[in-house]
Amino acid sequence: MSLEVFLGKARFRNPLVLASGTFGYGLTHTHVIDRMGAFVTKGITVQECVGNPQPRIWDSRETVINSVGLENVGLKRFKEETLPLIDISTPLYVNLAGVDLDDFRILIESLSDEEKIAGFELNLSCPNVKEGGAALGQSADRVGKVTSLARSLTTKPLWAKLTSNFCDVRETSKAAADAGADALVLINTLNALVIDIKGRKPFLGAGSGGLSGPAIKPYVLYIVKEVSRQINIPVIASGGVTSGTDVIEYLLAGASLVQLGSINLVDPEAGLRILEELKRYFEQEGISPAGIIGRLEER
Amino acid sequence: MKRHQATLLENRRLGPGLYSLQVEFEDLGDVEPGQFFEFLTGARFLRRAFSVADRDAMRLRFVLRVVGKGTAWLSQLTEGSKLNLAGPLGQGVAMPSEGPVMLLAGGIGAAPLLYLARKLNEQRVEVDALLAAGTKEELILTEEFGSLCRKVILATDDGSCGQKGLLTDILPALPAINDIQIFYACGPESMFAALKRLDLGKPLYAFLESRMGCGTGLCMGCGVLGRDGRYHRVCTEGPVFNLEEIEL
Amino acid sequence: MSLEVFLGKARFRNPLVLASGTFGYGLTHTHVIDRMGAFVTKGITVQECVGNPQPRIWDSRETVINSVGLENVGLKRFKEETLPLIDISTPLYVNLAGVDLDDFRILIESLSDEEKIAGFELNLSCPNVKEGGAALGQSADRVGKVTSLARSLTTKPLWAKLTSNFCDVRETSKAAADAGADALVLINTLNALVIDIKGRKPFLGAGSGGLSGPAIKPYVLYIVKEVSRQINIPVIASGGVTSGTDVIEYLLAGASLVQLGSINLVDPEAGLRILEELKRYFEQEGISPAGIIGRLEER
Amino acid sequence: MKRHQATLLENRRLGPGLYSLQVEFEDLGDVEPGQFFEFLTGARFLRRAFSVADRDAMRLRFVLRVVGKGTAWLSQLTEGSKLNLAGPLGQGVAMPSEGPVMLLAGGIGAAPLLYLARKLNEQRVEVDALLAAGTKEELILTEEFGSLCRKVILATDDGSCGQKGLLTDILPALPAINDIQIFYACGPESMFAALKRLDLGKPLYAFLESRMGCGTGLCMGCGVLGRDGRYHRVCTEGPVFNLEEIEL
């Protein structure tokens, strides 16, 4: 039973995607990466970025809050030092984290010709940076502008990763689709604040962070269903997946691919387990992933 | 990263909020001092990291201090419980070519240093230990260190056992200190900062802690700021660092 | 140590408010209600409302999803049958759930003169109804209009209960404040979908529901901090409180009152426990709730 | 609502996914058949409802079937565990003034009916029981019913024990049925629907289940649609309803 999914002409051997920021640059655990549908790098910025002060992680039973920030090697080192080391058989998507149009121009111009790179995920949504990120992604107008620019600079697949924080993600989704994105990634982490009441200050070094993990799954499912019914390009779900059942829920809700994020932190081989669960399901049902995308019935 | 279904053989209270866990593995390769395991708990989403405190064949000992929900959950496990563990993780400590070396433990910091003492002892490197804690009840593993070390010096903040004062108050005045070739330290951040100010003139390896995301180098959650201005991953580049090389 | 808090001239004996929909009409458990700062009724609609089909409840370890819908006795029976039975010493706020301006006009005109009623919570945010509710509350313009209308019809305190679903709650907050609301209630439940993969249909009878519970606390804390710093009227927090610590976090983040919702379902006396926890904290710290509101320090 | 810290005295497996829990209370007033307790579990935020299946002094028996995370968590509790319970909740069932009565149990539905049988027995009301389940292994509490009832008829869907067929297939043909004054039934929704269609001509009280929010009448989560077109709260107005009065 093949689990393959196509987004336009791009083929994915199964619907599982390792989410940005939760699997590094793809230099380790390649036995996992090589079994997945796609892999997305940590967000890359134009300049090397040292990231946020400690502490950077907080968790509850069903959530993770991170404020890693966009710690990354920066465009130059990524291109010269990291990219040559990446040795995977799975489509490589690079998460691009720009603050403004110029950043995105520089990033794409520099990376667009790299053969190793299958496509780009435009990070229009990171809540862990002061400029750009979420702010950019909260305006349909700016989402449209960045996507248009990116579209004009590359023929590679473009995924627009959006936020639902302080905006109507249906509108930003439409803007990204109209501007030529190949797919929407819904959603990045939710803005989140943890307070240290003794110190009367935020617990995380950066002040606040982004909430992810299983607790947000029903929220993101709702968004995926709404947006995929309204917008005519594929949706890639990101939020709270820990099992094959979760992936199937997202496919039914309308997602074409499904990202694994926080669960990789608990177990870097979670993707392999989830893949087995999917295989079993699709074999038993005698159906393919493509056959259930968006097939949620009404009540 | 290897995952294990292990069995809790013993859960013993050592002091206030301090527990010793004996865990039996079905399959266990080499484990070096400084390496750690990540425990899944029923109280938090992410795993919790604990250093190997000792080893006996397929049994590892961990010593933990209850500071939050995850550690509280672990401390309440009863014998026979199954544990979901990942490890060994991190780099083992660089072993010295010659001694004597001195171990500097603040509180629960004694845990990983005990396993180092065991390994040093096996390699016949002479080792002293300075074990400090807040109070007598919080001074742990003193007997175990006693059987492995040339000399064990005890200290408590309140003087209820051993010398009175902070580890870094007592250390400079110790006669033994002069011929020590390498120091290994584990304790709270304030202890490392004070050690840095002491400037002992010999290499000092710090066993660091940090809030971890993945424990496997994927998330950048655990970074410690290096003197090069970059964050270094405690989980894969550490958890042991030359004190010189990190900012505190 | 007094725990009292004032919102304008309205006095609350402590910052705890029993949230709408989680404590019925105030006819039972009055020993709890009488110790709280305020009590809010289930949402009242113009017509009696039968609510949504079963199942109506789903939960995880840190979330509750409900699709009760606005099951309630309706304005007429509420006024004639229920209100006379309510016998509490705590300020009674009635949650008004209208679909349009007319509904709100009818509700307020009918109830404004009732002496027993201390004030109104305008439900501009319920995700469990097809019309009105969230849709109304997603537009700053309509939030402003409803609030203005309500303001013109009553001198009683008006709380605008808002949503963060598919909108910028900073904008709807501003609209409500500009239109004369006395306080903002942040936030109502998040849109949420649970899928029954066997039936390939939504699990909840209504199709979708509203997500609440401890997992959303850091998200709502962030919103409360943002909005309370930008908007000049008091903020009432609602999201995931289960302990005194949570209440203190919300006060530090900028809330003046804090609602207890889902936790009442686990233990209707949770309010009493949380009140004791608060007392202990404020006694130990030698400070009053008013003294810590918004006193979160920057990192 | 009263909350209890109670102790699990015994957790015994009765069949596939079926467990019998003996719980000791420190303090317990009257408990009527039909009433239930809500259990806090470590696996879910809300409490889980279980009917009282029997009572002996300060001990209550609950019988549970594992269907999800909460019941799975409870089924794994070991003896001596502390339980956080709330109850008794709900209205007790209206006791009949005269018999004979018949109890109709589908699967786990036997649980609350056992306690009713006990009470009817104490009041010397004659009682028959028809216990049905999918398979022999799923037929529970048959001995207990045997000691309390005039007659116990067993049935399984697959015929592996007692008569073969659904409860509602067997019921109409029972000779005993004619002099029965009241029926009490507990089982899956499909059973109630079929019972309704049978139209037995005597009052039938249905012990209902429903996904609950609060269990205390506050949230409207548990409503069952009445013939009056309104939802009635299973937790406070039920859980036992006259089958006539509800829509299925």
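A, B, C and D label the chains in the order they appear, each numbered from 1.
Everything below uses one rule, namely that contacts are C-beta pairs under 8 Å (C-beta built on N, C-alpha and C of every residue); 3 or more make two chains touch, one makes a residue touch a chain.
Since we're looking at a predicted model, the values are computed, not measured.
Any chain touching chain C that also touches chain D would appear here, but none does.
Rounded to whole angstrom units, the spacing between the C-alpha centres of chain B and chain C is 48.
We define each chain's centre as the mean of its Cα atoms; on that basis chain B and chain D are separated by 54 Å. Between chain A and chain B the centroid-to-centroid distance comes to 36 Å (mean Cα coordinates, whole Å). The distance from the centre of chain A to the centre of chain C, with each centre set as the mean of the Cα atoms, comes to 33 Å.
Contact of a single residue of chain C with at least two other chains is seen at positions 53, 58, 60-63, 214. Looking at chain D, residues 42 sit in touch with two or more other chains. If touching chains are joined by edges, the resulting network of the protein chains shown is an open path. Taken pair by pair, the chains that touch are A-B, A-C, C-D. Only residues 53, 58, 60-63, 65, 138, 164, 166-170, 190-195, 197, 199-202, 204-208, 211, 214-216, 218-219, 221-223, 225-226, 245, 248-249, 252-253, 292, 295-299 of chain A touch chain C when the two sit together in their complex.
Across the interface of their complex, chain B is touched by residues 21-24, 28-29, 42, 50-51, 53-64, 66, 68, 71, 213-214, 262, 264-269 of chain A.
Note for the complex: chain B touches chain A at residues 1, 3, 40, 42-47, 86, 210-225, 229-231.
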